[in-house]
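Each chain carries a letter (A, B, C and D) given by its place in the written order, and its residues are counted from 1.
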């Protein structure tokens, strides 16, 4: 009830402050007898790790997944799976100056007002490090729906804009998850320049889902679009969600919209229709700007690192709804 | 688990097919000893009733609220409040032609695929009539937070666009909920013209919330913005959600965003900060177009009728989060 | 969160005060395409109706089930099923004297303390009439597990005690649900004598479940025995629960217990093992005694009327756990 | 949905197999700003540790609590509190012989049938070690209701029976939690004798709660007695629950019962009435008997070690219901 759990049949409970002993997650609802591959899980975590992307944070933490339960001889047991990641690079002293410095747009002030106390070191619970729990859970969600392909990519980042849906979904889009990889050097320079100025930038991420089973989503309130919106808006910096034609719909007539089934982004009546799903979300610029942002650990743009988090949240929603639908197939 | 309930502490369970005996809702979690006013409840229902707005559906149903439980001598008992609205104008025969006619973008096909059966008459459970449950629950939510002002209005409808935040929130914006009421005749003509063509149109609704208590919203997953997004995307025709500066954030730098606290739409870190909340949602055009849409009962634009539904969903989320936060104030 | 819902996948929400307009229930989680038989549902309701058992209440209400949603052309739609029963025999005036008269062992005083308000007419929400919601839901639960046989019977009622497990589970045990039907006249006389004295009596009910699927029950907290205990203790007058050898276990050694698999009452490790399940519950005497109890509407012993309620709660738990287990069968 | 979470506002999620890396628990719903005392938490864990009670298991594990999150500078943060206990004494080889040896009355067989896989080493998830999660959560529950006194004691263990309610609730009842501590040597001899015979024994525990707030418990389904029954039946070896006069009620008349308010065990209508609460539960004998039971690690009677688990579950239920009730006090 304090909001640290997500999902009903595939349910994860997240814990950890960024400068406490560890981040972690307990996932209850992974079916038994699925093959577990620690290397694959670690690869997912590495995708969101800092220090890998030029122009982004240099903390160089290595997030090592430690599985505490739920796995036996390489298989899921059907029991809760607990995984922790130790926080190894806790230079708390660096953060003491933030104790009474509430960053605009960040959880600093509201956390203090809500609880009357907070761990001010690096954002505490509101840190982006919380998303390791989501990436871990996303790995297990993909075990349930291995055929579903979820691909997120950067469609806008500062001056860089990619408006089409890319073709080659199976190839990597590189460190910036930008489909036109010929722009990588330009993006790198752009981000380094932002960093030197103590500046940050927002952007847009699009998500494509192929091979989603038909019939996922529960009217009236747990429509698939509603749960996807919640999942994605629960990511710290996300400020908008749309699917299908999204905001363009405001300017369109019914006959135009209805003429093309892709208008509906793979969902009709809030239920998946088996077609390609397309969603779009906006990230705001990160909150830390000015001199503080020039220090090592701050990202001028978090979006590239957020891509695996976005994909994980979508996978979690789909796995959860798949199990929900499956329950009633008697 | 079939998605017909919403909210945790203030929880509503909705039921009813559009052409079954009745629509209804059970609300569990209304505190005891609050004053109940049937007339006020009925007024809210009347706001979403068809047949009141020129250019919209002429079904002329009168949705009469019948309270079955939870009220005693004008007060809430703290027990579940059940309210039903009979379906009085069920011309099922009109709909038989729809039995095998799946409207694009509507729940017809996906409902059939999901359940293997459906009540095809007028959309059944997926009908807009389901929203009476939300309006009823919204009334009770407002008893919990009477000081909070939730105002939704049309900011875009076809060629009509109102980009500012209106000043006079306490006055009615008329039958189209459009702040510039001098345009009412033009809108009326526009909608009647659409109707005559068997056409429909989408639009945008903005929502302002004033006097929201500080500290509502539960990290990590039940952030206030996440639950608001879910609540609003759970409305049938809504295809996007944003708050604060929304999609504009994609083009902005951190220093620009941080310079103005209104950028964040009243929520920081997913928790209400006590400032004005601003949200925006997009409605797609309604699914029924062509000859069918020229028949009496179809709306060329459902947005004006959806306004009380939008306001209700926001009130429900706020009341739910208020009770959740209150639980821990020991 | 106010406790009026039960079950996770097969979920019912109950509402209604005994002297309000209606009792009712919304059941969310009934799979689609199951055959619905209104006559069978009504029969279950009739089993708990007053006025049928000599010696019990003479209110002579007829509880008529009215289905408001979720059924179409004789089939379940997979949408929420709402059923109400009007309260037709509300002699509220009879109860006014109870306004400030808190019956020992009844909810009168605690309801007032908890909510600061109550509907004092006939117990309001705490009335035994609330159990109509359970009987209705039990009918729908039995559609999910038609092969499972749940039989409850009176094993103790005042001086009457039946310690064996009866053989003929398919036959009716008559108005008192007592397996030795040759005692019916004696029981009738006993109850009439109690009534004339303004007295009430407690008793014991045993429950046998045959053909329960293997594997129902979720460790650690939602063990089948735990959810059955909760379900049965949620019935107003029930004060104890045991299964298998129950309290006798306190006096036994492990080798004795292990020698007979029936010791475990069909559940090992909190999970059904496919063998016969046996449970036992105790009912306390009803709270109304003395002159008031001599009036027409009070039961000297509620147990015979509670039998269908007991069976319903067991069916609900089993259906819920069946759907939960089914969700993970991928 | 796989049953590893308990509580709604005070919610714990348990994980861990007995011979995996660690046991643990995440508690979401502890209010912020409460004082945390690691020594006090460890003391609770020590009470259930094996190797302390003569006649019980000699595994001599030391269960060391490691707090991973939710605590900062000696205070609760209001964020999820994760605590783990490493499994240090995992002689898995000893258990290999149990791989295909299903102990009667234990989860071995049903776990295999339910999941199609199990960790057979020492019971895996079904091991009594899972109860460390409950004891840890119970400590945090007591921070919420520090004034409530929950005392469990052995009222029956083999030939030893203590039928009264003891007076001196604040004193320790020694290693066997038996109120007549003059019997300690006799109990020790009795248990050692059982052990040498490869035998086990069941027993009865009574629970007294003093100073419980008035008004806890949510009709209709989450009555306090129902949630207490579930909580206690969720403990592996518990086979019965009763409260107040319990089974004796079956033989009593309403006037006798009503003459003494203590008949109702502190709950009327399923809601706490502020009086002393009294409950009783039965433990079956442990499942391991014969030659295996003579080996070091098996308890002839688990009840003394279960006492802190029983107390913890009661505290958890009360804390959860207290927060639930508090939510609606607006």
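The rule is short, and it goes like this: a residue touches a chain if its C-beta (ideal position, glycine included) is under 8 Å from a C-beta of that chain, and two chains touch if they have at least 3 such contacts.
Computed from a prediction, not measured in an experiment: that's the story for all the values here.
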{"item": "Maximum centroid distance from chain D, chain identifier (CA atoms)", "value": "B"}
{"item": "Between the pairs A-D and A-C, the one where more C-beta pairs touch", "value": "A-D"}
{"item": "Chain C and chain D, separation of their C-alpha mean positions in angstrom", "value": "28"}
{"item": "Distance between the centres, which are taken as Cα means, of chain C and chain A, whole angstrom", "value": "46"}
{"item": "Interchain centroid distance [CA atoms averaged], chain A/chain D, Å", "value": "38"}
{"item": "Multi-chain contact residues (two or more partners), chain B", "value": "1-2, 4-5, 8-9, 14, 29, 32, 78-79, 114, 125, 219, 324, 327-328"}
{"item": "Of all residues in chain A, those that touch chain C in their complex", "value": "9, 29, 31-32, 78-79, 144, 219, 322-324, 326-330"}
{"item": "Complex contacts: residues of chain A adjacent to chain D", "value": "1-2, 4-5, 8-9, 11, 13-17, 20-24, 26, 28-29, 32-33, 66-72, 75, 77-82, 84, 114-119, 124-125"}
{"item": "Contact set on chain D toward chain C in their complex", "value": "1-6, 8-9, 14, 103-111, 113-114, 125-126, 130, 133, 156, 194, 199-204, 214-215, 217-223, 225-234, 236, 239-247, 249-258, 261, 263-265, 267-274, 282-290, 293, 324-325, 327-328"}
